[in-house]
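Here it is, the structure in full.
Residue numbering begins at 1 within each chain, and the chains themselves are lettered A, B, C and D in the order written.
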Amino acid sequence: MATDESLDAFRHRVRAWFAEHVALTGGASDGESTDAVDVARRFQGALFDAGLAGLTWPVEYGGQGLTTAHQLAFNEEAEPYVVPTMPLLIGLGMCAPTLQELGTQAQRDRHLARMLRGDEVWCQLFSEPGAGSDVASLRTRAVRDGDDWVVNGQKVWTSGAQYSDFGLLLARTNPDVPKHLGLTMFVLDMRAPGVTIRPLRQITGGSGFNEVFLDDVHVPGDAVVGDVDRGWQAAVTTLMNERVSIGAGGGGLGRRLGGGEFAALAELAGRRGGLADPVLRQSLASVFVEERLLELLSQRIRADVKAGRTPGPQGSVAKLAGAQLARHAAEVGLELIGTAGTAWDPGDRDAERWTQALLGAPGNSIAGGTPEIMKNILGERVLGLPREPAVDRDVPFRELRVGGGRS
Amino acid sequence: MATDESLDAFRHRVRAWFAEHVALTGGASDGESTDAVDVARRFQGALFDAGLAGLTWPVEYGGQGLTTAHQLAFNEEAEPYVVPTMPLLIGLGMCAPTLQELGTQAQRDRHLARMLRGDEVWCQLFSEPGAGSDVASLRTRAVRDGDDWVVNGQKVWTSGAQYSDFGLLLARTNPDVPKHLGLTMFVLDMRAPGVTIRPLRQITGGSGFNEVFLDDVHVPGDAVVGDVDRGWQAAVTTLMNERVSIGAGGGGLGRRLGGGEFAALAELAGRRGGLADPVLRQSLASVFVEERLLELLSQRIRADVKAGRTPGPQGSVAKLAGAQLARHAAEVGLELIGTAGTAWDPGDRDAERWTQALLGAPGNSIAGGTPEIMKNILGERVLGLPREPAVDRDVPFRELRVGGGRS
Amino acid sequence: MSAAVVSSAEDLAALRRSVRAFLADAVPEAEVRRLAETRTGFDPAVWARLAGELGLTGLVVPEEFGGSGAGFAALGVVLEEAGRALLPAPLFSTVVLGVHALLLSGDVAAQADHLPEIAAGRLRVAVGGLGTGPRARAIAGTRGWLLEGTVDGVLDGATADLLLVFADAEGGAGLFAVPSSAAGLSRTPLRTLDLTRRQARVELHATPAALVGAVGDGGRVSAALLDRALAALAAESVGGAQRVLEMAVEYAGTRYQFGRAIGSFQAVKHRCADMLIDVERMRVAAEAALGAVDAAAPDLPVAARVAASFCGEAYFAAAASGIQVHGGIGFTWEHPAHLYYRRAKSAELLFGSPAEHREALLRQLGH
Amino acid sequence: MSAAVVSSAEDLAALRRSVRAFLADAVPEAEVRRLAETRTGFDPAVWARLAGELGLTGLVVPEEFGGSGAGFAALGVVLEEAGRALLPAPLFSTVVLGVHALLLSGDVAAQADHLPEIAAGRLRVAVGGLGTGPRARAIAGTRGWLLEGTVDGVLDGATADLLLVFADAEGGAGLFAVPSSAAGLSRTPLRTLDLTRRQARVELHATPAALVGAVGDGGRVSAALLDRALAALAAESVGGAQRVLEMAVEYAGTRYQFGRAIGSFQAVKHRCADMLIDVERMRVAAEAALGAVDAAAPDLPVAARVAASFCGEAYFAAAASGIQVHGGIGFTWEHPAHLYYRRAKSAELLFGSPAEHREALLRQLGH
């Protein structure tokens, strides 16, 4: 569409578009309300109509076929605006690249352009109650029924399930082989009979995740993504795209970096007292240092992505450091507030903010990879240290003990 | 000998003895110089002559056959004195109980009374360069030569080897069975031909440990302790006695508890400035808290021992907490000294003391069980968590990869 | 069991068993959650049974006032169990703060008025002005004392029958008793981090109050009461941390990932070991502080600050670690882990931050 | 390679390779240990080669004074390698402190006097009075300035050919040059925690000195110099920490216990991962500070304090962790681990403690 357009002209077009469509940006974007999803769909649709969606996607899938340089120019122009596409990120950042790489032509034709237009919202259904860090041990079964499949099981931690049209489902199609070898990936119609979605309430009181129950859900044979029993490889593709997409954003679950924990705490300290306390000053300075280092790591990741280099260990480091900062900042916030952080007037926004931050910290640390898993990755893939002796590599899944946990 | 003596009379006798022999106490007791060993031998000899050595040992081994209550009364009376028997502790606390339990009558008759008189000093030769935390993977070989054995190998971390008369040696007598099953314990004459002792210099510059090289050392057949190829069980007996002996002392390598790190730091802070700095005051208070908790744990251990209860997890907890306190105190000491802790006049005793403490901290943490091993013990034996999958349990030692470590 | 004779180790063990059994039966987790959603936050029927069947409201009330005359060793056992079960009841406010404020005041008349009622389970007491926040003023009027001002963060302040408030009068600080029916008294429940322990803002406008003890003695009483509160809170925290550890160990031993119980992985095993190390240290710290109260040891302020500064941080660390061991399920609303996480952070800050406790400790040590 | 053209990433990589190769060959660990036992602590022949073959003494000296005019990016690479090898040589004192004290002073005559000599490897410079210890006084005499007082902890102070001393004169602080032959100058080597970096006490008794720059300008110069010193030290520390990590990983991968490489145990693996996390953060912190010098960024004091407060603690933590990974062998004198442990703690305290850096940081931020 715009392949002859110069980078400068493109940049001007983006700038003009944002100036004109500013009303579409900046809406509520907590990613949970259906309202936010409507905003996201409308924004994405307008972007598509302007030829600004899927900049680096191939033209055949509805994309623009442009270069990474164009994407970066777009990102720079978008920086001043709150881009409300959060609810679409899993679909566009993880599911679509998987379909592009492994989907059938029919799947690509049917879904990709619609995702790009914001007409289809997608989610990802991998994790299960019994398969958290060890996703490959999942138990949801897909059994052949003629050309079709019948799926039974339960998924969990599914962001956006409640407003998604489709999802990438990982299910076990052969329990008689080791766990990685008997999985298959499917496109799941989230409105199919037998799909029940229940929001999962978190410590904070919010419900960013869902449980999805699958009871005799019929999935057509042409919904298999990639090959039957080769679903683990497909899932790795999806998760790699997740990592790139999180990494480029700077780690930490789409957490906006330099989000100003220090600035907020310094302001709080100035207002409620605390800047005169040398011990609290140490804590404040530590938060500044952690935050600055996280920004610098994130810059490094963006520079790597920009230069076409595979990001180094900074992604995992940023994830861990981000979770640590979030908890540390919340603790410092509560210490600044003092005893009033244990009980407060509903109008005390400081206490509300920092107690919520404290309550959100464990989820921040666990979701998207526990510290243990992240450190395994750093130890094994970055430092090259040997893996644990595998006790489950060569065992048929059927004989494997999985999940559990009684407390 | 004194079984009819009342506890009170006994206590008075001990008190009188210490008052009379005070000149024998309080000598140098750093446990490294041969001087300290002579002091220890003389003290122990006098104790023996007074019928005050081996209070709870059976009379047949030269002991007094008294009760634990007598031992505790003795300990209480001894409290004001510096008892210089450190160099004899391994022999009396670990080796002698092993011989009592597993030695032949001839071994007991030959050694126990002499150990009790201070005529024989003993050491323990288990660890090797390739067998640290995993002692059972040791490689020193003992090969039959008629009725005798010929030993070749290298031991390390042998405290007191340079002044010991005998040692308990653990060597491999069958490499064709799994590692725990082919070990045998021997009494080793430390003056036998082929035994070479080399002091091992530590970070601090001191040499509390030795390497012991064993080259074609002939060991007579009657030197086997317990049964051939059952040496691991014998070693466990020895190490259990070590743990009891360390535990009763309060953990941490004979480190004197309540040794006053806080008092020393507070005095330092008062003298060099630091008590006015709220941040340093926090550090000082933390050291006080850590030290107090360690004292309380140690009291608990002593109370358990006194009441005849097996000490709970407090022994391992005290070991870990003691090492942590030592390092923390040294760091606070250096922070109080400031830049002068990096370079000082040789007359600056503060800098000397706390830099030495800092340099001693890693050894304190590692010797007698690394934090990793202590936490495994707590996790598995106290909390009952499952062990790692064993990859070496059923493998003949010959096929096992052991030791190494190139850096 | 009656708490009448609680002195030996066997008595304490029996007391522990009976309290634990009662709480497991009467206030299981589902009931804790239900009460967290109610207006008052506790169940009067359970309170009556705690007072009657178990005799807990009279546990530390002297025998001459109808109680069992037990000491802090016994009180510590009860609080440890209450902390373990996250018992939502005005036990800490009434039995720790209320009873001991009266005892420390030395005011025999006030004691005779209130302690028998407390022991009988008919009077719930809240204490205000113990912390570092704004304090009320006491003005000597013609018809007695009037209180004026706002006191924040009063534990169970909205539901207590009697408020004991430390306030500043002209001759110094004093302790004042305000019945819940007093004129000019208004009480507003606050939002709390800890869902199982209520706090209120108490506003006093020319509120008639009875002096307890002497004006000028309030500083001594509140300092001594604070030491006891810190010791008691430490004991309660030990119970909570121990429970958190047990849940983590149980989960780690039965949850399988990668073909192994996750507790066989050193990362999880050592995390549990670290929790154990902290719980063991919390335990000796709390017991030393409780013992110092019973022994009337001059060392009590030191022991109390040691316990407070260590147990506050250690309990929260354990609660956070417990969530990590549980992974995803640990940060769901349905799992009890967050109830302890909330309780732990709240306990850490309730009577001052750990840093404040450390500073106070150093002062107590004469530095 | 000559350092004449050092600007691109490729140039920096080439510089790194050549310095690393040189140090591996000329100053291997055995040589570092040998030099630690000598009186002067460094090898003049190696120094001459560092100056001549590698052009390092002139690396950041402007071209008009015979140097290569490189910036802190290049200097950082050199220091990282020096820190990695624990190079015992007066590089930090001469090239970081000496050259930049002269450059910052703005005294062209002094620069013309000394910089070419430094670049040529004929002049080693030490700087005193940069830290927080006691300072010398400068008295204007009839024949010029005389210095009086004691300055402690002067890096390489005992062997330098020229001392640059910040001293307090009547009109404010100034920078003064004292040749090693000056009257009334005495220099005493101090005992050092770090065996590979010498420090001295410098005593000045009516010692003639030449003013460098202006009286009253010393505060500005020393503050700016301190920022550069902190950035440089951070770079050096990155090199050391990276080496410590590599040694730990190599050992963990090849040391077998319980039938497995110890690096396959999570406790060891995660310890190494924690070290990696710190090293990566040290690296970005140091690079940001170096970059801020080269960019003359107003943010430099902030970037320098961020780097100093983080890298000091992180390097020491890594060095201590490295010893733990090595177990028993790690705390023997023969193993290099303690050389890094000593260096790291020394670096952490050299220009103020991390707590002092954090306090300074908050002030820089306007709070």
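List of remarks:
Everything that follows uses one rule, which is that a residue touches a chain if its C-beta (ideal position, glycine included) is under 8 Å from a C-beta of that chain, and two chains touch if they have at least 3 such contacts.
From a predicted model like this one, the values you see are computed outputs, not experimental measurements.
Using CA-based centroids throughout, the chain positioned farthest away from chain B is A. Contact count check for B-D and B-C (C-beta pairs in contact): higher for B-D. For the pair chain B and chain D, the distance between C-alpha centroids works out to 42 Å. Here the spacing of chain A and chain B, counted between their Cα centres, is 53 Å. Centre-to-centre, using mean CA coordinates, chain B is 43 Å away from chain C. Multi-chain contact residues, meaning those touching two or more other chains, occur in chain B at positions 278-279, 282, 372, 375, 388-389, 391. For chain D, the set of residues that touch two or more other chains comprises 260, 265-268, 270, 355, 359. Interface residues of chain D facing chain C in the complex, by the touch rule stated above, are 265-267, 270. By the touch criterion given at the top, residues 245, 249, 252-253, 260-261, 263-264, 266, 268-270, 272-274, 276-277, 280-281, 284-285, 287-288, 306, 309-310, 355, 358-359, 361-362, 365, 367 of chain C touch chain B in their complex. Taken in their complex, chain B has these residues touching chain D: 127, 129-134, 137, 156-157, 200-203, 205, 279-280, 327, 334-335, 338-346, 351-352, 355, 358-359, 361-363, 365-367, 370-372, 375, 388, 390-392, 395, 400-407.
For chain B in complex with chain C, the touching residues are 266, 269-270, 275, 278, 281-282, 284-286, 288-289, 292-293, 296-297, 299-300, 312-314, 317, 320-321, 372, 374-376, 378-380, 382-389. Interface residues of chain C facing chain A in the complex, by the touch rule stated above, are 131-133, 152-153, 188, 190-194, 199-201, 246-248, 250-251, 254-260, 265, 267-268, 320, 323-324, 326-334, 338, 341-342, 345-346, 349-353, 355, 359.
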